[in-house]
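As structure tokens, the structure follows; a few thoughts come after it.
Each chain gets a letter, A, B and C, in the order it is written, and its residues are counted from 1.
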């Protein structure tokens, strides 16, 4: 294996991992951008999405591509309910309170996962079409690694259009600036927040399905690490900024792979890499690479 | 706070009750119950140390598991007999300067606290200017980094193999003694000018700064004290269990402590002590939820994991239902997400 | 009056005897602490299946009923310590079985040693578990043996000259096994540079492409990658995707149905050492166990169930031999065990309380575990 093809292989691996982080980070950043709330449970909603897809494919006669649409929709509705139960009553409370509620929701979903689905891992039924390997000049690429970046970019473009051009999108942006003024302008806050949560959770499920197709092992705790890392990706890119989240995802994915590629002695530290990046970013440029600076309100 | 004289007398009375209680417990209770009492004491210390940072100073830190790990390993390595160390580090020998140390429990515990505090300062100083969610995620990141580092530095921590054969010094006197020192220290701190400054920072950072309070100094101080006691508690836990490994110190551990703090009330000392005991006892008492219950005529299959579901629900309910009560003090402290 | 006294005496005697009889009828309690939730749940479940089967087959000893009390240690050290303490104090068990996972077993070590309750581990293979502990025994072999067995297989059977090792740095089991494999492999090949790459990952990781690309570049003859079955299956899958064709070797944790379902076609040809296989019954007891297991669960037994079965049967056998269900007597009996015929082989406990017995090597073929060979202790 030549040095060049090895480097290209690492690059491919990095892009593949990065696009997954990016995909999940989009949903994260959307909820945060509009509600200013770290939805700790995002990773666990992601997990629910994968399990729903799993049961949909194995226990119903619905074709897999339809399950790929239905499961995220159901996950979106679950996310909507989660907001109604865990976050809505706290809308006027301090940030810490909501954060605690979010952590509680995250642990609730994880443990419900253990109770409902059992602690043992399951194999995700990857459709054949998505799972075969192509070789390009010595570099092996699984088809799914082509699909994920495409899905990510499509969602990026679609969401950007949605946020900037549609009425609901504009209402969301108004909400992210100022709740009170937005409601005075006749915007139905509850409705917009529900829509935001529905879409955020739906995106988490889409990310989950792609994740499952790439790494076909399902566990109730599977959402925790991808959730945290995608959050970090969102922070790196400037939280609330969709394009930034995608950029952050790629930076993180490529960074993790390149750390192992260039410094093989540090492979054991790979899991700490994302957190180190997070802390550096927070110290150097807390608003992230593409975020706007916030002014302190008195 | 309240009138000092009365609360002092109440505290002395409570102390006397607990001492008598412990004497009786040690005489009449079995090892299993003593173990739970020990754990309760350790959780009291942990709960208070987290409350000092999160409740009194209003910084949302999720790094407790990391500081406990530091304390646990400090005590483990310092108190383990030399021969035991050789046995433990059978894959890779321990670094020479630690190979031949064997300290007593008290100095080791103090060292555990100090190392954790120093690391708390080093870690805290740069990130403490972050607010709320960012601080939470940064401290959580630090705890994870500590775990990963401990896993990989085999010649220092023995890596994933963990340490076995740490002498069991921890008894009810140690665990509750430390708990009382913590209670005393935190209430002393809160009553004094530092405490006032902490709470001023919690209520309104900008106003506190305008009043001439050195934000940075006080935040770092609160964080250092919190880490100190977290480290000591980690040391107590290590000595109670006799064996530790990096995997123990995951975010789930921080979650348990957070549960205690929220249940007891952010910024409440007595509440934290009571909730620490309740949560520890409940964790064991609710075990039946995970196991099969045989009612004679019908057997209900236990559902593993049910216990944690209950605890998560309790946490959410406490936050939602209790928001008018104990969390009220925090209200209006800063922009809520609806007013941003 | 006399009659009255006589009557009272009679009542007393009857009462006493029935009370004594009642005391005798008290069941002998054996505690089981295994991970039923958390990352090690699969291993715990399999083990408990074997123990429950054993209880059904032999539920009585010394004329008394045997009762097992299963507690979940949640794959967590603090929980494991609490669980064992509860078994001893609240349930007053005379002996304990457990646990899958060496670190969980070690968390219980101090407690059983202090309480003087004999404990038999089913599958904790870390040497530290029984070391310096007079009350901890086990029915399985230990990692130094297992690592050496696989190195032998790689060199002698596969003719490997070079090997790469990918270990899970968060698992004591994986780290220990890797170390023993590396030492043995270097010794067998006589080449200190025969291990071309040692790479690492963490439990819970899902992406191993970077590590595997590095390994691929070094072109080893075999790859030794002991770890949890889930992560290992994903790892091998990704290796095949990357075009790594060399055989993968691992340890006993791979023996789980999930290894096959998650790994799919990729794990075909993977070879690992384990304690027992349904395909090669070693003793008459194996046949008995296998038949009973098939009948109860409708499938072939795995090594962990067999070890659970052996641990239980060994304790009962010792109780029978020493004629007492007293903890101290059971411990002394266990220390003398020699040539106990178990389902997983003939078990002799050495001075540390570790079983000296043969290992089995299995291979994945057509989506099944297939028996390759048996390796006797050196």
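Operating definition for what follows: a residue touches a chain if its C-beta (ideal position, glycine included) is under 8 Å from a C-beta of that chain, and two chains touch if they have at least 3 such contacts.
Computed from a prediction, not measured in an experiment: that's the story for all the values here.
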By count of C-beta pairs in contact, what is the leading chain pair? A-B
Chain whose mean Cα position lies farthest from chain C: A
Can you compute the centre-to-centre distance for chain A and chain B, using the mean CA position of each chain? Integer Å is fine. 31
Cα centroid separation, chain A vs chain C, in Å, comes to 39
Two or more partner chains touched - positions in chain B: 148, 151-152, 304-305
Show the residues in chain A shared as contacts by 2 or more other chains, in ascending order. 114, 119, 224, 268, 271
Counting only residues that touch at least two other chains, what does the list for chain C look like? 36-37, 41, 169, 200, 202
Please name which positions on chain C make contact with chain A in the complex. 36-39, 41-42, 45, 169, 197, 199-202, 204-207, 209-211, 213-214, 216-217, 219, 229-231, 233-234, 237, 241-243, 258, 261-262, 264
Contact set on chain B toward chain A in their complex: 54, 58, 60, 126-127, 130, 132-134, 136-138, 140-142, 144-145, 148-149, 151-152, 206, 251, 255, 258, 262, 266, 303-306, 308-309, 311-313, 315-316, 319-320, 323, 327, 330-340
Show me the residue ranges of chain B that touch chain C in the complex, using the header's touch definition. 30-33, 35-36, 39, 84, 87-88, 90-91, 148, 151-152, 154, 159-162, 164-165, 168, 237, 240-248, 284, 287, 290-291, 304-305
Please give the residue numbers of chain A that touch chain B in the complex, ascending. 35-38, 85-86, 89-101, 103-105, 107-108, 111-112, 114-115, 119, 178-180, 224, 228, 231-232, 235, 268-269, 271-272, 274-276, 278-279, 282-283, 286, 296-298
Contact set on chain A toward chain C in their complex: 1, 6, 9-10, 13-14, 16-17, 114, 118-123, 133, 135, 140, 142, 211, 215-217, 219, 221-222, 224-226, 256-261, 264, 267-268, 270-271
